[in-house]
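Working notes, structure below.
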């Protein structure tokens, strides 16, 4: 990330600042939310030769104006890394904050419900988006196409049916769970009977889901499966879905719709270059 | 990106679909906006062994329900690449759409104004975010720390003054422009006198900027510099900033606040696996 | 792999053979076994500019003397790629052959039993070792540390107990299975009660396992879990373990003990360089 | 190697163990043999943030039950690296052990004979396989296709003769040796006369080789070349080949047939998580 | 760079020197010139486990026989890194020396003239060549194709004219300068009128350039543009070009014609291996 | 190399030329010399989507004004790749030309003498520098530190003597040659007796070398070794060294002192953009 942003080097700091000027600076939240990305931020500063310290833990609630990290070292290093560090912190904290909002709203209705990410993440940044969801209190869900079987609409169409798809899917590996997407109660029942581990209600209204859960319950199939709701769920409607009886709500809201959380880097006040280009100690 | 998402391979398609099943599918917009990322999408499909065709050009306006790409090839290839392709298209089109919105609103007020990105992008995805801004009609601004000098608040503080900073900055290379951030009219005047190529009004209200532009004009400095407004500018207030007299408005709204544009991949209707696992020709 | 073996290039073929000599060659099995790695082999030849064709499918039984692939193209390309291609085929087919032997012996006793790999693979070659196990009829088991929770002896010691470990493990993600290693019947019962998805009997004798399965059955816990035997299982004793009542037998025999399967590349007989360094057509 | 095994991280240790638990552990040999790979093992632990110390040197004889390394550091780091470290040590020590066995058996017959590897190694792992052979007392032979000319059967067929091939080969570079493969005495004589540096008797019986060596001796060609035997040589027949008069015996037995050497990682007994998730000092 | 040169390792030092022999050595200039590359050299030694110290700063004038760096550490490390380090220092110092020569000769005639590199650099080594030019007192000019618009002969031909090309070029981005290549005075005037930031006189004689500058001056266009001379300029003719009135002289002389600056690594005299392979302290 | 030069893309061609403009162009030599690098050049054009054809073979003599390659394809592709392609061709042809000059001058005196490169090459570009030497008729010498033992001055000092160093060196591997550097006749004799494969006379005058060769001859050691002269040898003095009786002359002149060979890319005359941005066919 640093190399991507630096290219041949930071023209501005190189021409303005001598290499031996050291400063102290702080990263300040300009909005309240959930902090994420300080591990990455500290590593980026360290790669550049500066020392950073987190004042808050990842996953903590931070408020506007709060100092979240302090960093000390060569001014060139700190200012060159500034944007990369802030981009990491702001994007990841934005994702974590949105996750926490979803979790909080859903758990008011159902205390042990799980809010999960999807694979709708920014390409190349998937690891960081997933980690931010976890720090916000969410579940990462599938990391990739190889750690869980997820039979979607298109697969079922091609294979020709739910039971057949599930029968084949069991050959994928005994250590992997099998999830299947359905969009009506009847299909959920077929999936549960055919041995799915997880059933995802895709793009169904909360009431439809509630009805499906009830049917599964009556058929004594409810306890054999995990139930997940998905499809256009966001902070506005997450409570309704939480009330529908599912175990998990998955959403791309956190990674594809939520804004970054604003932060900035501020140099400690009393630092200024002295006559010979050295820092003066803060009084 | 494909490797990041595939790991050891797509468990689901491998276990459900024989390698010789071929399908045709389309990518459909589920929201209106500006299309971006089809070059990357087509490349991803091609790497997987499928052939894709764009029905719309990048930068085109698309409407909800419109087919934007068609793809044909092995079902395994298409379904394995689906999420990566959609993530690229949705993120990039989201950025392009937000850029176009900013451009349209600003140009109603000032037809030749430039809307520019900032370096607030998702790390590792910078190239794609910048390209999406360009496709939406925006300017990429600095790509990295090495293609333009941009003297910010923190640099000025450390160096001790605007004129001094600009004098030093001229040593960065004759082929690079020098931009400087100011937050009052007085400083803009000092910067223009000291030979800045671009002056950025950072976090100033439209009226303050208007006043500064007027002063520059009176001092016959206006035509010597490009003027840029920056700081919390979004579709709500972009027209006001456009009316302030600047040449450029830069904003992180497009890359850090705007949502992705929803799209989905749909298999052509009449395809279904025949008895022997081969596709049946659509009637 | 080709780059690793080539360095600055194949001194021998470059100095001996003009670039325009083309040949046809075949890869011949020198031992019977299960074929694996032809996809990788064909890709390696293609990268070098030759065209390869498999005469047998991966997973097929091959006999000593049988031709498994044919390749045509520049002699330099084929001879430069020869060792890399054979190393891939021989290592992967060796692993697949050992897997099939384990599967065959175990399934004589219990037809639907699963033979699984472990994570004991050659570093950097894990993908290929796992794929070879699958081609031999085995299960890949965990790919990495992130696609299944596996609580081992050392974890239990540190956490202080089976039930506690399983309780914590459930927070790892709803889409991941939880496996736990036990070495006595009592612990298996505790694990089953605490909700493990898979119980691995580690280094237990077949009779001990049989006893544990019986106890689980009596307590109506048997159907709630998958049972796996592990620890020094090889073709000699795999049948005994298969008879113990488990669902899965995992072993590092295939990847850490079994020999490679011998093969060689032979140039088609009637090719010989003519006077001007061109190939003569075979009669 | 660590990244290959970790993916998004070690689910099990992350969910079971707090980051501040530190442990001490040891790696114990479960079979006797020759130790190899401790440099790589220590590096892997160090990358993960733990400190490892070797109690034995690479190339040393180790016995079953012996402690070969000690490691201290965060429990998460040590348990996450465990499998990668053991895979390196077990594979490399297996290769080194097989090499030593070949060396010992051959040198009983001819004390200064060289046992050499071939290029039959696991792709991507070539450096480590070759290094293990060296640690076992063997010779690495060619590393790649660029550090020695080796004219094989197929090359001779294409070029049309031994003398011609050797004449051309001399243009490959004065700093490279030229080796040629023969399978009868007559050809060895032709090769020696034509100035080969090394002659490899490929797939010839010990008696045939003995006869060829005698002929070379009578023609006063013996001292001008190094002689190497190759082809299906293993611990059972290596002594016979050593008695045939060659200088070098090369074999893929060590890298393609020999089993890994069993080892395990054991946590020091008295460590257990205290009530607050901290380690208790061993008594 | 070290990996490129080491491959499987330094056979010579590994076989000759025990790992625990440490030495002290110095890098000595064998020609006078400008020093460049000590940052890279010190990093290379550090990667290998040795400690290096620069006695001179980059950009300093060094004389034949002068010690420029000292290094201490394992003999294996220092001798293995020796060639890579010297190659870096010799190439970069050669480029810096040639740059300084050009700068000195040009500035005798026009004290503030800029000597600039071109993009004629050794592929893969561009960063280092550009850095060496800067250390020699030159300007790096464009780093890549994305940090400045440079409209050349071929572009103008295809677009059909200077003014048209410049008009289109302004869409490339407000933060990038626009340079255009001309080869007659008339074209320079057209370019200056059309708003070029920089005009490059390509392959024009000093007198022709002088005439063009005069015309621009008379038309009051001179101060609106930077003027650059380019094309076969070298130490012999650089003063004439400096006298022609341009602001910048660019040349590939430094990176494509100038020789490397000779240096060597010498082990400190009194070090010699003691009886047991340990170093003896220098007296 | 293309990525290094392109960054975010070629601003100039993207803004000036529509993507569908195709052109034909030629690469023209502007100096006479030996052609090298056309394989790399053609690959670079191909990566960019253009088709290139070489009119001359690598290693051929080319004269000033001669067309060496033709290329056709999108104007954007060709102009974007232009500099990278020319840098490759110019650097490599410069090295090949200097090599041929050394070879020609030396072979007038001794027809079968070998001119060899050293490891003094531009870091990261070693493969291409070595290949250019070969194309110029030279020998690549050692590629890296692992394909030949070369005992230098510093090694001998540390080990304490020539015979001891050679004795140890024989353990480096039977497939590697052993070369040793000497600077007096006496040492050459000691080295030849101790079994060196190659003796390098380092920094000795031609007469001193002639004397050493004579002594070796008298002691019947001459035919047992290859003799190499090295140290400040260039076109001026290479004939004298060739007359000294050595088999090989190695020099860094070709890679560290010789200039690049000038070439340029010219668009075929009659191409010009038509009204609609399409190419017009040349008449």
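General remarks:
The chains carry the letters A, B, C, D, E and F, assigned in the order they are written, with residues numbered from 1 in each.
The criterion applied here is as follows: a contact is a pair of C-beta atoms (placed from the backbone, for glycine too) under 8 Å apart; a residue touches a chain by one contact, two chains touch by 3 or more.
The shown structure was predicted, so the numbers you read here are calculated from the model rather than taken from an experiment.
Common neighbours of subunit C and subunit E, listed by label, are A, B, D, F. When every chain is reduced to the mean of its CA atoms, the largest separation from subunit D belongs to B.
Distance from the centre of subunit A peaks at F, each centre being the average of the chain's Cα atoms. Looking at which positions face the partner, subunit C and subunit D present mostly the same ones, since more than half of the interface numbers are shared.
Distance from the subunit A centre to the subunit F centre is 52 Å, each centre being the mean of its Cα atoms.
Once the centre of each chain is set as its mean CA position, subunit B and subunit E turn out to be 35 Å apart.
Measuring from the averaged C-alpha position of subunit D to that of subunit E gives a distance of 45 Å.
Within subunit C, the positions touching two or more other chains are listed as 7-8, 140, 143-144, 146-148, 173, 176. Viewed as a contact network, the protein chains fit none of the simple shapes, being neither a path, a ring, a star nor fully connected.
Pairs of chains that satisfy the touch definition comprise A-B, A-C, A-D, A-E, B-C, B-E, B-F, C-D, C-F, D-E, D-F, E-F. Of all residues in subunit A, those touching subunit D in their complex are 127, 130, 140, 143-144.
Put simply, subunit E touches subunit B in their complex at residues 114, 116, 139-143, 146-148, 173-177, 179, 198, 226, 247-248. Residues of subunit C that touch subunit D in their complex: 1, 4-17, 21, 23, 25, 75, 79-80, 82-84, 86-88, 90-91, 94, 119-126, 128, 143-152, 154-155, 157-160, 165, 168-169, 171-173, 176, 252, 256-257, 259-260, 265-267, 271-273.
Here subunit D touches subunit A in the complex through residues 7-8, going by the rule given at the top.
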